[in-house]
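The structure follows.
Naming follows writing order (A, B, C, D, E and F), and every chain is counted from residue 1.
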Amino acid sequence: MEPLIYIINASSRKDTGITDDLARSLLWLRGPNLPRIECVTLEDGPNGISTARDSDDAAPAVLRFVEREAQKSEVGAFVIACFSDPGVHSARELTRKPIIGIGEAGIMAALSFGDRVGTIGVSKSSPAANERFTRRLGVQERVAGHLAIALDYGQLKDEGVVTDRLIEAGRRLRDEYAANVLVFAGAGMGRYVKAVQTAVSLPVVDPTQVAAGLAIAQFMQLHQYCVERFDAHNRS
Amino acid sequence: MEPLIYIINASSRKDTGITDDLARSLLWLRGPNLPRIECVTLEDGPNGISTARDSDDAAPAVLRFVEREAQKSEVGAFVIACFSDPGVHSARELTRKPIIGIGEAGIMAALSFGDRVGTIGVSKSSPAANERFTRRLGVQERVAGHLAIALDYGQLKDEGVVTDRLIEAGRRLRDEYAANVLVFAGAGMGRYVKAVQTAVSLPVVDPTQVAAGLAIAQFMQLHQYCVERFDAHNRS
Amino acid sequence: MEPLIYIINASSRKDTGITDDLARSLLWLRGPNLPRIECVTLEDGPNGISTARDSDDAAPAVLRFVEREAQKSEVGAFVIACFSDPGVHSARELTRKPIIGIGEAGIMAALSFGDRVGTIGVSKSSPAANERFTRRLGVQERVAGHLAIALDYGQLKDEGVVTDRLIEAGRRLRDEYAANVLVFAGAGMGRYVKAVQTAVSLPVVDPTQVAAGLAIAQFMQLHQYCVERFDAHNRS
Amino acid sequence: MEPLIYIINASSRKDTGITDDLARSLLWLRGPNLPRIECVTLEDGPNGISTARDSDDAAPAVLRFVEREAQKSEVGAFVIACFSDPGVHSARELTRKPIIGIGEAGIMAALSFGDRVGTIGVSKSSPAANERFTRRLGVQERVAGHLAIALDYGQLKDEGVVTDRLIEAGRRLRDEYAANVLVFAGAGMGRYVKAVQTAVSLPVVDPTQVAAGLAIAQFMQLHQYCVERFDAHNRS
Amino acid sequence: MEPLIYIINASSRKDTGITDDLARSLLWLRGPNLPRIECVTLEDGPNGISTARDSDDAAPAVLRFVEREAQKSEVGAFVIACFSDPGVHSARELTRKPIIGIGEAGIMAALSFGDRVGTIGVSKSSPAANERFTRRLGVQERVAGHLAIALDYGQLKDEGVVTDRLIEAGRRLRDEYAANVLVFAGAGMGRYVKAVQTAVSLPVVDPTQVAAGLAIAQFMQLHQYCVERFDAHNRS
Amino acid sequence: MEPLIYIINASSRKDTGITDDLARSLLWLRGPNLPRIECVTLEDGPNGISTARDSDDAAPAVLRFVEREAQKSEVGAFVIACFSDPGVHSARELTRKPIIGIGEAGIMAALSFGDRVGTIGVSKSSPAANERFTRRLGVQERVAGHLAIALDYGQLKDEGVVTDRLIEAGRRLRDEYAANVLVFAGAGMGRYVKAVQTAVSLPVVDPTQVAAGLAIAQFMQLHQYCVERFDAHNRS
């Protein structure tokens, strides 16, 4: 079986097209030796994940999926593509295959590009909730702030509106919060990276892409594809 | 010109073969749309980087290289492949192209795979120096500990000895320091990941590989290769 | 309707008698003006809560209960009697009535009796998981350590064995971890407080009792029972 | 002798009626099995406690009282009802009976009801002094801010003025400092809880009441009143 | 009047000769332009300062002294030569002349010579008390540990015994706690610096001397003695 | 040979007169038993130190100087008079003689005079860079903020302009950032201390002076000049 890495959209909601957006944004991550990226929707997840309760409701679905799929030898790693990281730490007790949450990985990766990270979310969330998240990560001192663009699902379909709001939030995080790197606090927003980065002049991180990059880098190390194939390559 | 990402070995020392080791360990990171990975040795760097002074001596060489190469349009990002991150923060004042230090990126990536990171170094270094490093990163609370295998350059050529020492250090970090993820605190050690991970049963991160993975992920976002090629792909 | 405060056992498992233990340990909290303490078992919760996954599985049940019961005017507050605080922060988004998790409240109350808290759990759990919990609370610097007595459900019925193990853990936390206050990291262990405190000579906190005490104190303030009844008392 | 818990007003000043206010606000804490709450004024304390020096001057008086009274078997616990906690840590070296400072206990209890605590003081005090206090507690990351209503003793007698000022401070802490729970940083203000909580729509904690609640909960555990009387109750 | 800086021994106990030891250890700090160093014993202080209560009892005496002496124009600064810094922060509310506590200043100065400070005390004190102190300073992450030599006043007169114990504690702090700088947590121990530093091979800081050095440096800046006299010097 | 302490200006730039300013500001630090203060300019240092790169370029020059001079027995200590502390930690690996960076020492000394330190720099620098610095020191919680007066070398010669700007920055740090002590984040600014302190009414620390004071205090302890000369003094 061809090895694969799962990118999990824990929301069962279909009309938002997030799973397709994820797949599209990760198309570049293909190579002759690389595992396949498989983006999936959890049918038993909640109908959208925008509140803290939605995230709590998503965790059991994530855990059921990981428990079942981790047993398959071709599955190399799991990326939970929900910024609140539902079930991520519990899932690590179910399998020793890598489990990556895009929240953790997105913030940590952003902190490899800059010092003070500003997070831009979609749904309105409390400052307290964002702080709990980054305090649990132990990186509170490096968080500049969080802003939400606060659009509903209908408005999210208008790419122009979304882009404008993201840029506005990014500029405020840069100017009022002294952020010098930004991360999108959500899944499926990779297509806005370039525009926001250009307009705000700060590195902008899409958490799913860096999480997928980390998952593959770690998978390749584990399977030592690199050296074996390098040697074959040199011999041929 | 074909886009490329530099992986910089800041030591001018040749006999250790570190630059070749870096290239070999990153061979998997190739794909139809991906930028080229170019591993270079800084001729004006210090002769080996094992002390704090060596790292201070490496920084000006790194900065000269970045200043010169950042002007070339085909250069997409720089990975400074020395765990002490010489010149990384200063380099970010010279260019807006991504500058990634494998120290920062390695620790941050490890913290996306586990909670408490143990670092395994080659040269003997003081606990105080390691703490200064992680305290500056603001992740001190998530560092389990640091151990060095303390081998000289001669011994480092014996892969069996190195592997044994790394495994021994990894087990101590797991059992005595409660680490649940490990990172190699040095460049060019990718070939030991599999053996150590297998023996210690914890995720083991090679910092250069995750740094390169992050550099490419970020590069692809910036250039939005993904979406354009996806659309081309769909049309064809 | 008579006002009441719910103490919620989120596990549906019956044979452990935890809900009865909770009720028994809180019997003292009765008074002429005090709300009723109502201990309930969540029928739709997981069958025992000992792993991280169990806790994730408990949260949706907790949220369903709070959502339904918070609408009743006689309900004054909710105490979630599971040390991992499943659903606590999400529940606060469903109602403005006080939601108290015995994990948070137990640790915070312990830190009102001593400086360095040692937590004693029942199930074996990772140091990393305990740290995530206290780091999220922001009190990591005041945590001495965590030890689990690691007994299964069968052994937990033997009070003598449990007492011995708790005392052993308490002494180790005092002597090896420099704890100067202890808290039981679980529900329904109030009956062991006196024996452990006597043997270890440190304050021992049962988290459910302090959580219930806080819930009532807060309830009374909100309803200003105190002053009104004081005036009535003075007039009579 | 009937067991009792002391609530200590460390100021000798009489005209403010604080000791009476304390007694009144704790009247609800009575029950058939509960120890008596005894509110006392320290005659040898300073004449009012509003400056840092007043607090330093209060500590020796508190320690003399605790030293003398802790020897009486009927005394179960001491609550030092001054928010700066004069003598609290030293008193714990004089006796093993619980010593609770309303500053520590009030802030810790508030952090069981919300994430970011705002403190509202009476006297003007420096931000630096408030930070020293919460930094010593190790909860600095969870403190939203501190505001003082800055009224003199004369104005404090006008409940309308006090209420207005408290509400104004509470709203600022909520809106400008992102506090989601408030605590009164002083003794004898229990009568303002309901009005402020109603107006500001955040939980408001009176530190003396939660401290008294904790003292009783801890006392009951120690004396295991609960179980013995429960059994008696069941037998009858 | 000749300007002077007070070094305050807050203990009234005479037989220990601490005030004389302080004076002797600061004799080097004399120069043509420097203020006089005046070491005083507080007659109304407690009889020895070894417990937390002693320190609480010392604060009011310190404050009375500062209040009275700060009014004299020739007094330039106050050094409170008790490592627990009794009254230091309150004293700063009584005068704008510099108030330096040897605890704060000693630890901060030590952290200018090394990364991880080990403190060596005379009296036995709890780890919790030492942590409260350094946590309030906000430097907890840089504290390696605390050890006490635990000698009574009689034994303290035997310099040989004291030296041996200090060296033993210093070696343990270096080897078991990874301290790389030491500070004596007490007044009047300057005469042991050389022996301990020689034996342990780490910088050893006497807190009174660095506090006095800081007091004079700050005094000279304030009075701009330096420039005026430099100009006079150049003219002559 | 007469003992001496080096004050190192790591910039080779001559026209700014910084080395002379340093010497002038330290003239007061002379006494019959004190070592000589020797202010030197590093000819092989960068031409001015205002950017992060300048600081990286200065470190190797500092290390060459320390390596060479530390071998001379008459040299007692080194003060690196550049606020970014180039080479300070590496230099400690080259010699056991005290190495003091004015950045570390200046901030630590300031925190012995007040709680919340505001730093006033000359060159414009990023908030992120300042935070990295103080986070590495582990005192981030006590930093109020940083402001730069942002003058070029020409404007720096106008003492009136510099004074006005420093006062303006000091007032903003006091009023908007709640600083209660200030430190100049640069070398050679001692002559502004008095004016700024008088205008802003907060303690103002010149980092070179406190660093020199600490260097001498530590030197005197090590050489035990104090006691020997005291005894001689008493005998004569």
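Just so it is clear, contacts are C-beta pairs under 8 Å (C-beta built on N, C-alpha and C of every residue); 3 or more make two chains touch, one makes a residue touch a chain.
What you see is a predicted model; the values in this text were computed from it and never measured.
Minimum number of contact steps separating subunit A from subunit C: 1.
Two copies of one sequence, subunit B and subunit F, touch each other mainly through matching residues, since over half of the numbers at the interface are common to both.
Comparing the CA-atom centres of all chains against that of subunit F, the greatest distance is found for C. With chains reduced to the mean position of their C-alpha atoms, the one farthest from subunit E is A. The interface with the greater number of C-beta contacts, when A-D is set against C-D, is C-D.
Separating the CA-averaged centres of subunit B and subunit E is a span of 45 Å.
Rounded to a whole number, the gap between the C-alpha centres of subunit A and subunit B is 22 angstrom. For the pair subunit C and subunit F, the distance between mean C-alpha positions equals 52 Å. Residue numbers of subunit F whose C-beta contacts span two or more other chains: 89, 114-115, 129, 132, 135, 138, 141. If each chain is drawn as a node and touching chains are joined, the picture fits none of the line, ring, star or complete shapes. Interchain contacts (touch definition given at top) occur between A-B, A-C, A-D, A-F, B-C, B-E, B-F, C-D, C-E, D-E, D-F, E-F.
Within the complex formed with subunit A, the subunit C residues making contact are 51-53, 55-57, 59-60, 63, 86-87, 89-90, 93-94, 129, 132, 135-136, 138.
Those residues of subunit B that touch subunit A in the complex are listed here as 24-34, 89, 92, 96, 98, 100-101, 104-105, 108-109, 111-115, 137-139, 141-142, 190-191, 193-194, 197, 201, 203-206, 209-214, 216-218, 220-227, 229-230, 233. Touching subunit B in their complex are the following residues of subunit E: 114-116, 141, 178, 180. Taken together, the subunit E residues at the contact with subunit C in this complex read 126-129, 131-132, 135, 140.
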